Structure formats: C-alpha cells, structure tokens
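Shared between the two complexes below is subunit A, which pairs with subunit B and subunit C, respectively.
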Partner chain A sequence: MSKIKAENVNVYYGSKQALFDVSIDIAEKEVTALIGPSGCGKSTFLRCLNRMNDVIDICRVEGSIKMDNLELNSRKLDVVRLRENVGMVFQKPNPFPKTIYENVAYGPTIHGIAQSKEEMDQIVETSLKKAALWNEVKDRLDEIGTGLSGGQQQRLCIARAISVSPEVILMDEPCSALDPIATAQIEELIDDLKKEVTIVIVTHSMSQAARVSQKTGFFHLGKLIEFGSTDKIFKNPDKQQTQDYITGRFG
Partner chain B sequence: MNNFKKNFLKKRYNAERRFQWYGKIAIGLALTFLAVFMFQIFSKGYSAFQKTWIVTEVHYDKELLLIDAESPSKDDLENADYYDVAYKAMTSLDPGLPEEEDRQLIQMVSYKYETEVKDLLLKNPDFLGKIVPIKLTASDDIDQVHKGNYPRDIPEKNRRVNDYQLQIYDMLNERGDILSEFNISFFTNPDSREAELAGIASSFMGTVFSILVCLAFSFPVAVLAAIYLEEFAPKNKFTDFIEVNINNLAAVPSIVFGLLGLGILLAVFNLPRSTPLVGGITLSLMTLPTIIIAARASLKAVPPSIREAALAMGASNMQTTMHHTVPLSMPGTLSGTIIGLAQALGETAPLILIGMVAFVNTIPGTPVDPAASLPVQIYIWSESAERGFVEKVSACIMVLLAFLILMNLAAQIVRHKFEKKWS
Partner chain C sequence: MNLILVTFIILLAFTSYYFGRKKALVIQSSQRLTALPKFYGYYLAAWCAAPALIIFVLWSVFEPSIVKTFILQDYTDQNLTKNELQLIYTKVKALAAGTYTGNITNFLDESANKYIQLKGIANSAKVAIILAILIFSLSFAYRSVQKNDRMREPVEIFLKWVLFAASLGAVLVTIGIIFSLLFEAIRFFQAVKIFDFIFGTHWYPAKTFVRDGQPDPELMKDAFGAVPLFAGTFFIAFIAMCVAIPIGLLSGIYLSEYAGRGVRKYAKPIIEILAGIPTVVYGFFAALTVGPFVKEIGNAMGLEVSSESALAAGAVMGVMIIPFISSLSDDVITAVPQNLRDGSYAMGATKSETVKKVIFPAALPGIVGSILLAVSRAVGETMIVVMASGLAANLTMNPLESTSTITAQIVVILIGDQQFGDPKTQSAFALGISLFIVTLFLNVIALSVVKKYREKYE
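Presenting the complex of A and B:
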C-alpha cells in the first residue's frame, strides 16, 4: 500500500533547479532506498517529505506530495504535526548537548505525549530499547548524550526520532560517519523498525541499499532515473545508466 | 642535497627562529609595560590603606561640656558642647604653647576631631568626668609626614607642616602616640575635601548601582534584539541596514552617549541629575551594541545540526531557539556582556556629562541618589592639589582594578558552569 505519493516534484534553489519532475510511490512499512551520486538531489527529495527545506530561504518546492491523502506541499499544512509523524535521522549524529534521557524525552515533551513522569520513563525506555541502546545506557541516562561513541549517538538519534511514534522515518545517510560494526547495528535496527514504520533511506553505499531496502530509486542530476524493487534494480535494471552506476562504472 | 638547497633550508629555519624572537620580544615589552604600570600604582597607592592616628588624652569635664544634669541622658550628651573639651585635648599636648599659636596644634588633626571626641563619649557614657586616651585622625599633612612622603629638607615657608609641628610630631612618635592602622574609613567614608577623611564609599556604591542599572537595561534588550535578528528576522536590505548601524553604534565615542544622556534623559525625561540611574542608562547605550554583537556571534556559532535536530523533532522556531540555540549561545553572550560591562565600568566621559562628577559627600542608598563613580572619583582626586590625594588616586585605581578582576572571575565561573551543563 502506498504511504507517500509524490507527483511531478520540482525543487529550485534560487534559479537553480535541483529536482526535475520526480514521481515516486513509497510503500507503507517497507524500506525505500534512494541512491545516486553526490549532488543528485536524493537528500533534497528526502527533505521535501518533512518540509525541512522550509529552513532554506531560497528553496522552492513545486508539485504534489501526498501522505495518506494529506498534501504535504501546501502552505496550510501544520509543519509541527507533520514532523511529529515524520521523524528524521541525519548524516552526522546530532544529539542535543543534554542528557540521554532529555534527548529522548524532548519530542514527547514538546508534543505533550506523556501525561506523567512514569509514562515518560516508559517512553524513554521503550524508545531506547527499540533503538538497541537501552542495555548500554540504562545506568547512565543522566549523562550527556554527546559523550557517547558515534554509533551510540546515531542510535540515540534514532531513539529520539521514534520516541514520538512516527509513521515515517527519513534517514539521510545515517551510517556514513560510522564504522562497519556500528553500521551493521543500525542496519539491523532498520530491519526491525520496518515492521512498524515506513522508512526512506538515502545512502551512498550500494551494498547497504541492497541489504536493507525492498524498493530502490536511482537519482541522477536531479532526475529519478529508475525506481523499482531492490532486487530488480540491482540484478536487472531497465536503464543503462542505472546499470553503470551500480556496477561502479561512474559515480 | 646540493648547496643551494641546503642554504635555502637554513634560511627558512632562520626566518622562523627570527619570527619567534619577534614574538617573544613583543610579549616581553607588553609585560614590562604592565609591570611598570602595576609597580607605579602599588608603590604609590599602598600607603593609602594605612591611616595615621594621633593619641592624646581627653578630659570629659562636665563643666566644659555644659552638662548640668546629675545623670545626663543620651540627649544631654548629644547636645553637649564639645568644643572646649576637644580643644583642650589637643592643646594639652604642649601646655607651654601661647594661646595665639594654638592653631598649629589643632591643624595636626582632621577638622572633624571634635566629632571624634563626641562619638567616643556617646559610645562610652561612663567616660563622663574621666580622663581617657583618645585616637584622633591625623591631618593629611601629618599623615604624609608619618608615611615618609613629605620631604623635611625644603625651607619652612614652603612647607605645609612647620618646624614646630614637626617637633611635636617627633615627640609624639617617640612616645609611641602616633598610630598607623588599616584605613577602614577609606572604604566607609564618602568623598571629602580633606584627604585624610576622603573615602570611596559613595563612588563605589555609585559604580555598583550604575553597573546594575546598565545590566538591567542592556542585557535583556540586547539579547532579545540579537535573538530576533539572528533567528527570526528575514534577511533583507533592511536587516542589513540595522546590522551596519549596530556595528556603527559600537564605534561611537562614549562622550557622544554622554551628550545623548544629557539631552534626552535629563532634559526631556527630567530624570534626577548625577544619579546612577541616569549613568547606568547612558552606559547601557554603550554596552548595548557590544552585547548584541557578541550574542549574535555566539548564536551563529551554534551548529546548524542542533537546529535541524530540533526542527525535525517538530519543535517550532521559538522552541528550537529557546530550548537549544539560546542556552548553547549563553557562554558567549555572557562573556560579551562582561566585556561590555567592564568597558562601562571604566567609562568616565559620559558620566561627567550627566553630572556624576559632582562632589558627593553622602553614600547613595538607591540608584536615584546622587553619586560619583570610581573612575570619576579617580579623575576628581587627580585634580586635587593636596599630597594626600596622590596616594588615594592610586588606591582608587587599585580598587577599580580589583573590581574588574572580580567581575571577570565571576564571568569565568558563570561561563564554566554553563559550558559544563551544555556540552
């Protein structure tokens, strides 16, 4: 079933066009990987899905992006509510310079999700458990989140993102700053999370896309060249360009 | 390696060594200047923390005090006539002196000696009718003689202390009746025309009140302005224009702000003249741009990834700013504030224009009482001719420097606390 349906999305940074007529169907409770060389627009597209492009003054988005029939690219949209439903994990782990507990509790606090301290403790524990971090930090929840290792920080960011029980999680190269062991942990986590959440992940690692995703989209120079099941894209792509990129002939 | 290359390498190393030496010389020069400056101030000023007393005997004679009552009440003692008693206490130092020469003895103590005689009895009513020893504040000339700051070898007619007074001084000194004690009154007395009585209490309180008023006005305004400009305002020509003007404001000479204070605060709003309230507001005009610039710089220095993290969690702009950006920028903002206040602390020109240069011999209790400030006090005293004020100027500078050091220390501690909390 389709969760997010983008139709003819064009994005401009000032006078420079970054995305050209991108149309894509993102299925519910699946992992969709977006691959492509640097500067191809995959991150730009990802940021359209939770309106993070709003932060950039000169950025302009055209076209239609619907999530469960709700138009995301509309001035009337309540961005705060949208971002409660669409979490994001960034390339560089960016926990708040606050305690581990406060990091996870921040979302539920500002959205008024927990009624009591006990409920909040419960949310923090569940989120950290889902992010496979609980066992490592349960005795030091009041330590500063930025003091953790890179992999732990990224899992903390994932715990923070899932603390508000979003329907969609966007991941912008979540493993590019991590070592292989931490990467493996995050990938395992993604596999677990997709039972409950729809995940869109931007990655530079072809093998990662092949491992974690069910659908893959290949971007090049702002255009979605090919989109289909991961199996098909990696084994038998329709387009020569995709074939070249995947086999490492360019990019 | 051929010769050319060897020489080339040698040249490079030499150049580096030379450069390091230039740096060392520069630091050495700076330290020398600082040392000379400090030595100058301390060697001149330390003696101001010593006060000279002359010990004599006073007879609280009921007749001379004009007290009739058998057991006089507090009021009786308050209203008694101490002139003769005090006069006798001094003239008894040399009973052989003809009456018309008495002034020479009286001039050896401060003009307030009569009050001192009175205060001792008010504190100890049972001294009435008795002969008791009393400490009287020495005049600034005797004070300077005792501290060795007064040359004795110049001709008598050019001296403020004549031979007779020196003789009495030597006699008292031999008897051990000249005391040197820590000068508490320097800190507790307001300004005075007499060097031996002048203290920094009024200017110190004036400075404290001015700085507090300055902080109360400039900090909230500056921080709000910085937050709005940095986090909320659209980036366009108009905000650029504002930014340029804030930077210009920071470069305006302080005396101009003094004129503004005079023209607006005093002339239009009729605020009380010579008060720390007006002084503080005038100074806050000066510190405002400094704090705005520092606060904006430290807001800019907060990594954008933190903002993105908060926004992606669904925080509004306001929540992102208040929960994350502002707390993270606080250490920088605070140190900017301290720098601004430290500038304000040493500022003299604008305060002179709004009348804080007036001679104030009361200690201000509120920001709307007339007061001087420490730097203005230094300026006032440095214009006084009496030798006793020379050491006071240096001592006042020392107090001002100590104040500055304390403020910086407080800033460091506050910074440290915030930084520990946020990273």
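Presenting the complex of A and C:
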C-alpha cells in the first residue's frame, strides 16, 4: 500500500534546478532506499518529504507530494504536525547538548504528548528500547547526550525521532559517520522499525541499500533513473546506467 | 644625529638584503644553494641590523646616567643630598643647552663645559663603535654567505628571537605596571590600614589634607573607606546591565536567527556604530541630556532626583554596552552548529521553541562569557560616571541619588595639583589595583567559560 506518492516534483535552488520531474511511490511499512552519486538530488528529495527545504531560503519546490492523500507541498500545510508524523535522522549524529532523557523527551514535550511525568518516563524508556540503546544508558539518563559514542549518539537520535511515534522516518545517510559495528547495529534497528513505520533511507553504500531495503530508487543528475524492488534493481536493472552504477563502473 | 645613524643602519640592512640575494644567484651558478636566495638576503640584513641596533639602544639607555656620574663626581665632597645633586645636574644640562636663566657660578660653568665635552666624546664614540660593529658583523655574515653555509636555520632562529623579544616586551610592560601599582598601593596601606580601606564606609580623602607635616592618623581612619565606591561601581554597572543585557541579547538573537539577509546587512553595522562613539560623548550625553530628563520625569512624579543620578549614568553606560553584548551573542549563536537547528526543526519545533530550548542553552556559556566581559567593561568605564554620576561618594542604593565609582574617584584624586607621597594621591593606586583585581577576576572567569564552550563543539 502506498504511503507517500510524489508526482512530477521539481526542486530549484535559486535558478539552479536540482530535481527534474521525480515521481515515486513509497510503500507503507517498507524500507525504501535512495541511491546515487553525490549531488544527484536524493537528499534534496528526502528533505521534501518533511519540508526541511523550508529552512533554506532560496529553495523552491514544485509538484505534488501526497501522504495519505494529504498534500505536503502546500502553503496551508501545518508543518509542525507534518514533522511530528515524519521524523528525520541526519548524516552526522546531532543530539542536543542536553541530557539523554531530555533529548528523547524533546519531541513529546513540544507536541504535548505526555500528560504526566510517569507517561514521559514511559515514552523515553520505550523509545530508547526501540532504538536498542536502553540497556547502555538506563543508568545514566541524566548525562549529556553529546558525551556518548558516535554510534550511541546516532541511536539516541533515532530514539528522539521515534519518541513521537511518527508514521514515516527519513534517514539521510545515517551510517556514513559510523564504524562498521555501529552501522550493523543501526541496520538491525532499521529492520525492526519497519514493522511499525515507513522508512526512507538515503545511502551511499550499495551493500547497505541491498541489505536493508525492499525498494530502491536510483538517482542521477537530479532525475530518478530507475525505481523498483531492491532485488530487481541489484540483480537485473532495466537501465544500463543503473547497472553501471551498481557494479561500480561509474559514480 | 641619532636619526641619521638609525636610518643609515636600516638602509644598509636593505642594501645588504639585495646584495645577499644577488650573491646567492651567483653562487647558484656553481653549486647548489642551501636555501632560497631570499634567505641569503635575510641573513645578511639580520646580521647587519640586529647587532648595531642592539648596541645603539643599549648605548642610548646607559649614556645619560654615565655622563651624569662623571659630572656629579666633582660634587661628591660637598655632602649634598640626592635631591640637591639632581637639581645641580638639571642646572648643568640647562646651561649646556643655553636655556639656563639663574645665577651662573664658575663651578657650574665648568661643569657645563665638561658636560658638552663629554657629550661630544660620547657621540663620536657611539658612531665609531657602531660603524665598527657594522663592518665586523657584515664581514662575518658575508663570509658565511660566500662559504654557502646553511642559511635557513639561522634566519628562522633570528625570527624566533625577534618574536620572542616582542612578546617579552609586552609581558615586561604588564608586569611593570602591576608592580608600580602594587608598590604605591603598599605605601598607601602603610598609612591607612587595609581593613579600614576595604570595610570603611566613608570616603572623603580631601579632609586628610593638611598644609604642613603629616595628617592626623585619626582622620586617616575613616577618610579612606572604599565601600561606597565599590558599592557605587557595582550599582551603576548593575543598572547598565539591566539596560544592556535584555536589549543586547534579544537583538543578538533577532540578528542571528530571525533577521533576513537584507535586515542583517544594515542593522548590524548600525548597532556597531554605537560601539564607535567615544565614551566622552556618551558622558556628556548622559550629563546634559539624560540626567536632566530623568530629573524632570522624577520631579513630575513627585520624586526627589538629583541632577547627577546613578540612573542616568547607568542607563547611558548600558546603551554603550548594547553593541558589545549584541554582537558577541550574535557570534556565539551563529556558531551553534546548523545540524542542531535541523534536528530541532525536524522534530516539529517552531522557530521560537528551537531558539529557546536548543540554541539558547547551547550558546549560553558563550553568552555568559560575553556578559561577564561586558560587566568588566562597565566596571572600568570612566568618562560617563565622571560626568554624569556625581563625585560625592554616597553609600546609597537609590538610583535617583548621585553616587560615585572607583574610576571617577581616581580621576578626582589625580587631576590638578597633587603631592607624591601623600596618602590621598597614593589612594588612587590602591583603588586602581582593587579595580584591576576585580576586572582580572571577571575576565578570567569569562575567558574560561568561553573556552569551555568552544571545546564542546570542536
């Protein structure tokens, strides 16, 4: 079942066009990977899905992006509500310089989700458990989040993202700053999370895309070259360009 | 004479630079150079200028006192005091320069002639010695160049020593100032008990003035109580901070987070113009515009307001400090990494929530640091308080009354005639060193806070 349906999305940075007529269907409770060489527009597309491009003054988005029939690319959209439903994890772990507890409680606090201290404790615990971090930090929730290791910080960011029970999580190269062990932990986590949420992940690692995703989209120079099941893209792509990129002959 | 000598040394150094470089190019044709040709030039220039200039400076420093000893040798049998000898020497110098107008005795005339003679010898000797040194060091250096010795290391070592000398100079000057403050302050504390100074609540040094002899120790006891001055200083600084912190901080947040590029482009320089206004201008603005204005408003409300009030001085000082806080906090807020903002926005936080909950706490140490630096400026500010806050050291917490500060009192003590060795004059040094300790303390805390903040994001 389709969760997000993008049609003819064009993105401009000033006068420079970054995305050309991208149309894509993202299925619910699946992992969709977006691959492609640097600067191909995959992160730009990802940031359209929670309107993070609003932060960039010169950025302009055209076309239609619907999530459950709600038009995301509309002036009238409540961006705060959208971002509550669409969480995001960034390339570089960016926990706030606050305690581990406060980091996870940040979203529930600003959205007024927890009614009491007990409820908040519960949310924090569940989120940290889902992010596979609870056992490592349960005795030091009042320590500063930035003091954790890189992999732990990234899992803390994932806990922060899932604390408001989003329907979709966007991940922008979440493992590119991590070592292989931390990467493996995050990938395992993605596998668990997809039971409940829809995940869109941008990655530079072909093997990661192959491991974690069910659907893969290949971007090149701002265009979506090919989109289909991960199996097909990696084993038997329709387009020569995709074949070349996946086998490492260019990019 | 001296000017010609120094110009000559410097010109010679430049010439030897070009000469050295040229020589290197000649050497290059037959053998491999040990460094770039310009190092040969630097090497010769350094050897030319450095020894000659060092000797020149040393000579200029010691020559006068040596000449003085020679002149005063003739007076040793007269059993004169140090001051009298000094007076004679001044007379001799004046006579030699032709500006002496008093009685000329034979003895004095003789000394003056001797002085002129000595000076002449000293000058010729100086020129001769410096020329000799120039010739010696240049020929020594030239021989190394000819032998194609290693050139890079000596030049680097020379530069290192030049830099070292510069920093040593700066450090020594600082230490010198501190010690001179300290010695005078110690002499002050021999006359006035340190306890009376720190805890006394009455500051009225003028009453210790007596025409002859030493002032009465009883009078000294409660004339130099610095409490009203410290209280006044911090009170005015507090009023200034009440004005500067909210406005400066909020405008800093606006400039860094909210203002569009267009607004920022014009607003920031305009705010920084405030920092370029001389404090003396703020001073008369406070004394002539704000002071009377505060008085008028106060009177209209039925309050008693003196025309020189702590409020007027503090408010204007606050305006002076606004750009300081606004531009520093703008800097620290801008330095908060963008990915923290992204993280917060991606959670669905609004701009004000992001500023309040993420950016402000992250920038807080830097902001605290900038506020402490601003406080130490407010505490050390002089002109505004001299002009606008009054000179009578009232111990008061009423912003509408006049009060005085440490800096203003130092000014009062040291303008006009003053007598060295008088406790009143020395009290300025005691005040100065207490002010120095307070601002040093504030700066050290501020810098360590800012440093900690930097470590967090690097």
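The rule is simple: the second predicted complex is superposed on the first by the 251 of 251 C-alpha atoms of A that agree within 3 Å, B and C clash if a C-alpha of one lies under 4 Å from a C-alpha of the other, contacts with A are read in each partner's own complex, and residues count from 1 in each chain.
Criterion: a residue touches a chain if its C-beta (ideal position, glycine included) is under 8 Å from a C-beta of that chain, and two chains touch if they have at least 3 such contacts.
Because the structure is predicted, anything quoted here is derived from the model rather than measured.
Asker: Mind checking subunit B and subunit C on superposed subunit A, clash or fit?
Answerer: By the criteria stated at the top, subunit C and subunit B clash after superposition.
Asker: Looking at A:237 after the superposition, I want to know if it touches subunit B, subunit C, both of them or none. Which is it: first, second, both, neither?
Answerer: Neither partner.
Asker: Can A:88 be said to touch subunit B (first), subunit C (second), both, or neither?
Answerer: In the superposition, A:88 contacts both subunit B and subunit C.
Asker: Kindly classify A:107 by the partners it touches after superposition: subunit B alone (first), subunit C alone (second), both, or neither?
Answerer: both
Asker: Pick the subunit C stretch that clashes with subunit B in the superposition, from 96-104, 132-140 or 330-338.
Answerer: Clashing stretch of subunit C against subunit B: 330-338.
Asker: Touching subunit B in one complex and subunit C in the other: list those residues of subunit A.
Answerer: 50, 52, 55, 57, 80-84, 87-88, 90, 92, 94-98, 106-107, 110-111, 146, 157, 160-161, 164.
Asker: Give every residue of subunit B touching subunit A within the complex, in rising order.
Answerer: Where subunit B meets subunit A, its residues are 234-235, 303, 305-316, 319, 323-324, 328, 422-423.
Asker: For the complex, which residues does subunit C have touching subunit A?
Answerer: Contacts found on subunit C: 260-261, 337, 339-350, 353, 357-358, 361-362, 456.
Asker: Provide the residue numbers of subunit A that touch subunit C in the complex, in ascending order.
Answerer: It is residues 50, 52, 55, 57, 79-84, 87-88, 90, 92, 94-98, 106-107, 110-111, 146, 157, 160-161, 164 of subunit A that touch subunit C.
Asker: Quick one: which bits of subunit A touch subunit B in the complex? Just the residue numbers, please.
Answerer: By the definition above, subunit A touches subunit B via 50, 52, 55, 57, 80-84, 87-88, 90, 92, 94-98, 106-107, 110-111, 144, 146, 157, 160-161, 164.
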